[in-house]
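Both of the next two complexes hold chain A, though its partner changes from chain B to chain C.
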Partner chain A sequence: MRERPNDAFREEAYELLAELETSLLELEDNPRDKDVIGRVFRAMHTIKGSGAMFGFDEISAFTHEIETVFDLVRNDEILVTKEMVDLCLLARDQIKAMLDAAGGHLEVDRSRTAHLVGAFRAFLPQAAPAEASPAAIPAPAAAEGAATRTWRIRFRPAHDIFANGTNPLALLRELCELGEARVVAQTDLIPPIDDLHPEVCYLYWDVILTTTADANAIRDVFIFVEDDCEMTLASIDDGGCLDDGDSRKLLGEILVERGDLSAADLERVLTERKRLGEVLVEDGLVKPGQVAAALAEQQALEKQRQNRPAADAASSLRVPAERLDKLVDLVGELVTVQSRLSQTAAGREDAVLTAVAEEVERLVEELRDLTLNIRMLPIGTTFSKFKRLVRDLSRELGKDIELETAGAETELDKTVIERLNDPLVHIIRNSIDHGIEMPEVRQVAGKPRQGTIHLSAIHSGDSVVIEIRDDGKGLDRDAIRRKAIEKGLLGEQDEPSDHDLFLLIFAAGFSTAQTVTSVSGRGVGMDVVRRAIDALRGTIDIHSEKGRGTTIRVRIPLTLAIIESLLVAIGKDRFVLPLSLVEECIELTEGDVAAAHGRNLVRVRDQLVPYLPLRRWFAMEGARPPIEQVVITSLGGQRVGFVVDHVIGEHQTVIKSLGRMYRDVQGISGATILGDGSVALILDVPQLLQGAEAEEKVATHG
Partner chain B sequence: MSADNQNETNQYLTFKLDREIFALGIAKVREVLDYTAITRVPKTPDFMRGVINVRGGVVPVVDLRVKFGMAPTPQTVNTCIIIVEINLEGETTVLGALADQVEEVLDLDPAQIEPAPRIGTRLRTEFIKGMGKRDEQFIIILDIDRVFSGEELASVAGGEDLAQAVRS
Partner chain C sequence: MSAFDYVESGEVDGRRCGRLHLGSSLTVAEAAELRLALMAALEDCAVLTLDAAEVGEVDVAGLQGLCAVHRTGVARGRQVLVTGLDVGPWPEILRLAGLRRHEACPLSNDRKNCLWL
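Entry: the complex of A and B
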């Protein structure tokens, strides 16, 4: 079950690449943003370093070239250009291709790698002299006349640093290679031998380094242990050393400058510690005294901060996804067993058993919510992918489009996010391709040249609403209508509302690229979108105004694993419906049916609601009882009833797949296990609705 | 027989469908359960009897008798559900197969197994891995992956063209 280090590297690298993409796109907007440049550099550096560590030499060598260029960018020697960002994005894709190749048995296009390397070298001031730093430290060219400075570095590794396989001494050696260094090991944290744990690192080090390298180069030494250590870096500009009588004051000043210490605290600490310093000076132990004093200052500081890093380090951990899936499965089984327990308890009049059952129910519910929560991820990662899509595609088409996003922090189940990707790509592509006009056309229409696609996600009850809004030309009502009539989806005389008409673009068969794009400009693969959203038990809604733009709203349930549902029965068979869709239940008597003159309509508070007799729909045997129940559901503003024999009650439904054998079953989306161990089927409400509509159409038109 | 058979064990689980004896390679069989109530999934072919709960998982149950063109499996005290792991287009799927009676686990030497006769059995030849023999009675060794291969699932029941199974 244990991951191989290679897998860990690849996983980490994929994450870094995603981050890199976001940073690069940001860089395109703010080419001078130091923070972003630093982020790009660090991402490259980490990929290079860990790549080499795990034997991905090709990736390491390639990334080195980009890193070299960014090192110059970071030192303000060259400026970020649009071409550079383009190249970097291509390079990112290439690294990804290499990673993919390492995972599978694909081949990487080496000529492409070489081409990119050549392009990157062209950015270097002189035609690519042999780079002198194949190691992890990018030594900036010393010949640039960088001033020799002295730095004070405190490197304090986390106690468990050995557990990560890091050798602090190697880091110190690396540091020493940067220039002239004096290293002082601090031993004051070493406990008495009885308390000493051999695997814990109690040491920390102070280093005085005189070097031409800059702060970044020094920080880069610690880049792999960034999260596992505390590293403070301060410049002692005048080239001074500890013998300087002012060094203590200088350290304090630097700490104040860096905002780590307030001036008042410094003052207080200095007064508190004064006596110690005095004693030491009296004893003539000037040099160790100063070290100790500086140490004491730092300790005071550490005391203030010690809780924070500890909390940070423990605040997140990486868990393989399949382990989470397994956990959810187990919780699912627990929910099933719990409902069996509750059912059993209800059947006996045993107060103790009932109390225990209730307690278990409460705990299981809590456990379920917590477990499902663990699987929640912010949707933002998907959003950043779309930024790239919009950028590349709009450029290809000669359009100027900006993607605005909101609600990237909205959380959704991991699986849902994964499965949402394709339909969203389809919708956004459509907006870019056919929704937003060419800049000139937009100008003539009195709109800004730059089109905007707004992508947002927001929580709404137990679902998330994702909205894709563009300010393009909108849907062409007449063209869609013509097309729908041609396809037989609409009668000649039908005058559907805009809303109903627009929904037709999601109908299967309606959308083929040649026919629809040429007239209405919409509909490539929109039925694919609909199918994917249906599979997620989501709904889709569309609004459009000619010349103003189109808004597509997708509503997706938060999780696919466990839902609240309504348990119903038809004959001996039991079914469940998602409770979120259920509005109410009403009775349907034989008299009602007779009064409706064969039409499947029922009156609910002065409103006629169509219904679907499930017994007939599923061709089930047995006679209908004299009084049936209609479960009224509401889906995308549309109300429809489902006729069942009995309504049993609410049920915690752990969704189980019906598997490959039953993947194409109409009207059933899955199964669940009931308290008595039998299986109930989950009704696929959107699909049933579609099916019923189609049937009606055949009845009226055919 | 063919090379791929050499990797498999020579043990087979034999079971009865109607009066015929069939066999499955023991590696394919996960467990044998007593008959339990099957939840029927509406609008599916007749040979797909429905789904059951196998230790928290939902497992489809098929009626091989219907699949092979015999009358549906009646429910008796001996009716069993054989849980098998089949390979569908490279994916392992678990399903239950109804059997009138499970007999025994039988050792069959590869030399004892003859290739499926091209004629004589009216069961589709590709469903049969080979024919074994025990006490002068033929045992039909099924290639269960083939029985449920993709195109077979797509077709409804498919009983008619299979006609009746062999009578020895």
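Entry: the complex of A and C
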């Protein structure tokens, strides 16, 4: 297997770093939130621990420094400051750099590490400079492994423990934080109130702790009261001994099962008998509190035993992405073969074959859905990256911007998410740089000083709509118009609608920014965005209101691998259109064509819809049938028809990309293999739509 | 005025009832005073209700005091009750201190005899 433990660690660490970033950004907003502080600490702690385990000593030592600071934060000894969050984010980046370096040939900037370490040490109280010497850094205990074990701890504080200011409850709290704990107080030493010495500690405790922490970590809790208490620690479950689980039976049950004893007799004897605990207490052999502690221990073990299989079942499996891709490919092939089988079966009147074909069809469909589902990931991971982007960029530009997100749980194909990242970054950068104004400008305009970028994802049919909305100054209509005329995209007299004009910013080389900043404004942004979205078979739409803000809506299909489509024929050739775009099909007779006086318009329920005769568009030979079909599609609110010879029906299309030769063919986005082995081309509706529009324009003006 | 206010609250079934307000802090600093207040209150009535609802701070010394007065009450045939253990820091404190029990008070196996059940 290619995946070595080191790779596994790095992969896990990258995930932890992503989480850490999210937590840190959250911490910036809520510096007192114990929950978030805990999450930051745990992320650091895990990176440190497993880093040491896999030999990433540099990472482990460095993370230790930050963990130390957060340990103090966690214990309310120091407060979270903006500066601290900044440093932590930098440290996160540094850890990431170290991970990158471990994977490739990059060098880590050690002076930067040292600088950060110094900065973190500055947070520590002045009393501890000696302790923070480098020799103390390597992670001490965590390397022993993270197996969950159950411990029995007896903690008996000295009678005079209150005298030196120790609060045993604080120690118990610390112990409880290590894992799942059951605490049983032993009260037997407490005297009647008249004999009570108020400043003497009578209570002592038994704790059953189920934790991943090791013995040293547990002992560390008591490190400051070592001389003032009696503490015993014993493992009552070494992990392995629970494996026998259900096979553990009681004597009575076994006797009943073997037929040596009747169930009724057993029941009778058991009810007559007192419980063991009671007998022992009566005989004065043990105290009731000790029985209570033992029962708690029994319960803890029982619970853990029950939890184990469940935990295993709920665990996930890490699979390399390539393997999943291969699986999707194979399922794609299977879908093709299955449609061939269905076609063959339909051609023969063989009841058995038809039944088998139907069964296969059902299974393949299920398999397809399941496989595509495996590749689905929540888009939230991408969102959290943007939080950081917005934070860093707005600071750089001296703006105050908040990123709101919604629908982070919306799932999309992994590949789609990856390829969506760059275009979304471009759009958000644009919003930050051009959209949102400086705080003072906003204030003058009567808006809150803090600008907001709202990022949301929502499912809509077989696609996901991602919306990026800012409350900035909106697009400058006049500037865009001037620029468009200058670029020859618009005639001097043209007065397009706002919507059409705004769409021009997605044209190549279009930028209205007065100055080029490092953030955006080089005029490469938006057309790159459009091309990337096109490549994902998505669409992009823009709305803007001067002074109020801009909204960009990106619609992306859920998956790139397989789509539901409509299969049509022109002559002997087959084409498919994405079914999601198709509204309806109507007939086009020779009479209709004649009635339109040479214009490519068809009347659909009192509305004129332009159409594009595909036979002519693709310059295909052969005569038109007397009655053609118009497939009416709708895209971004626009309806356009495509004329074909006939409509064959719905089809499961496994998308295959065209070779390099055909990459620039207009109007075709890919190909698919049909059941009979022939190839059908996938029509690129958005591109064809533009073509149809251009033709219509020529027809109107000419 | 003492932090621990005691008031008589009439009679139920011919038994004298009293109510001791436990104030806001039950730590080792108040432990000596608490002990005296508890002793006096227990002396005065047959059914003593301790009102813990306003306690914001409590440590082991405070818990021990309550436990001690209760077991003294059991020994003398008097009833000691606590109210307000479900608010403020109490649920967390009782969990940490291991007093949120499912089993009876260690001095007996009778649920009735445990202050914390």
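Note that the second predicted complex is superposed on the first by the 464 of 702 C-alpha atoms of A that agree within 3 Å, B and C clash if a C-alpha of one lies under 4 Å from a C-alpha of the other, contacts with A are read in each partner's own complex, and residues count from 1 in each chain.
Heads up, the rule we're going with is that contacts are C-beta pairs under 8 Å (C-beta built on N, C-alpha and C of every residue); 3 or more make two chains touch, one makes a residue touch a chain.
Predicted model, so just to flag it, every value in this text is computed and none were measured.
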Checklist entry - Taking the superposition as given, does A:101 touch the first partner, chain B, the second, chain C, both, or neither? => result neither
Next on the checklist: Which partner chains sit in contact with A:168 here, chain B, chain C, both or neither? Use first/second/both/neither.
Outcome noted: second
Checklist entry - Which of the two partners, first being chain B and second being chain C, lies in contact with A:671: first, second, both, or neither? => result first
Item to check | Which of chain B and chain C A:8 touches, first, second, both or neither | outcome: neither
Checklist entry - Looking at the overlay, what does A:367 touch: chain B (first), chain C (second), both, or neither? => result neither
Next on the checklist: I want to verify the contact counts: of chain B and chain C, which reaches more residues of chain A?
Outcome noted: C
Next on the checklist: Per the contact definition in the header, classify A:61: touching chain B only (first), chain C only (second), both, or neither.
Outcome noted: neither
Checklist outcome for this item: In their shared complex, chain C is touched by residues of chain A numbered 162, 167-169, 172-173, 176, 182-188, 190-194, 196, 198-199, 201-203, 205-207, 278, 281, 287-289, 291-292, 295
Checklist entry - Can you list the chain A residues touching chain B in their complex? => result 329, 332-333, 336, 573-574, 618-620, 656-662, 665-668, 670-671, 673, 677-681
Item to check | Residues of chain C defined as touching chain A within the complex | outcome: 28, 31-32, 34-35, 38-39, 42, 59-61, 63-65, 67-69, 71-72, 75, 93, 95-99, 101, 103-109
Checklist outcome for this item: chain B contacts chain A in the complex at 37, 39-44, 48, 50-53, 56-60, 62, 88, 91, 93-95, 148, 153
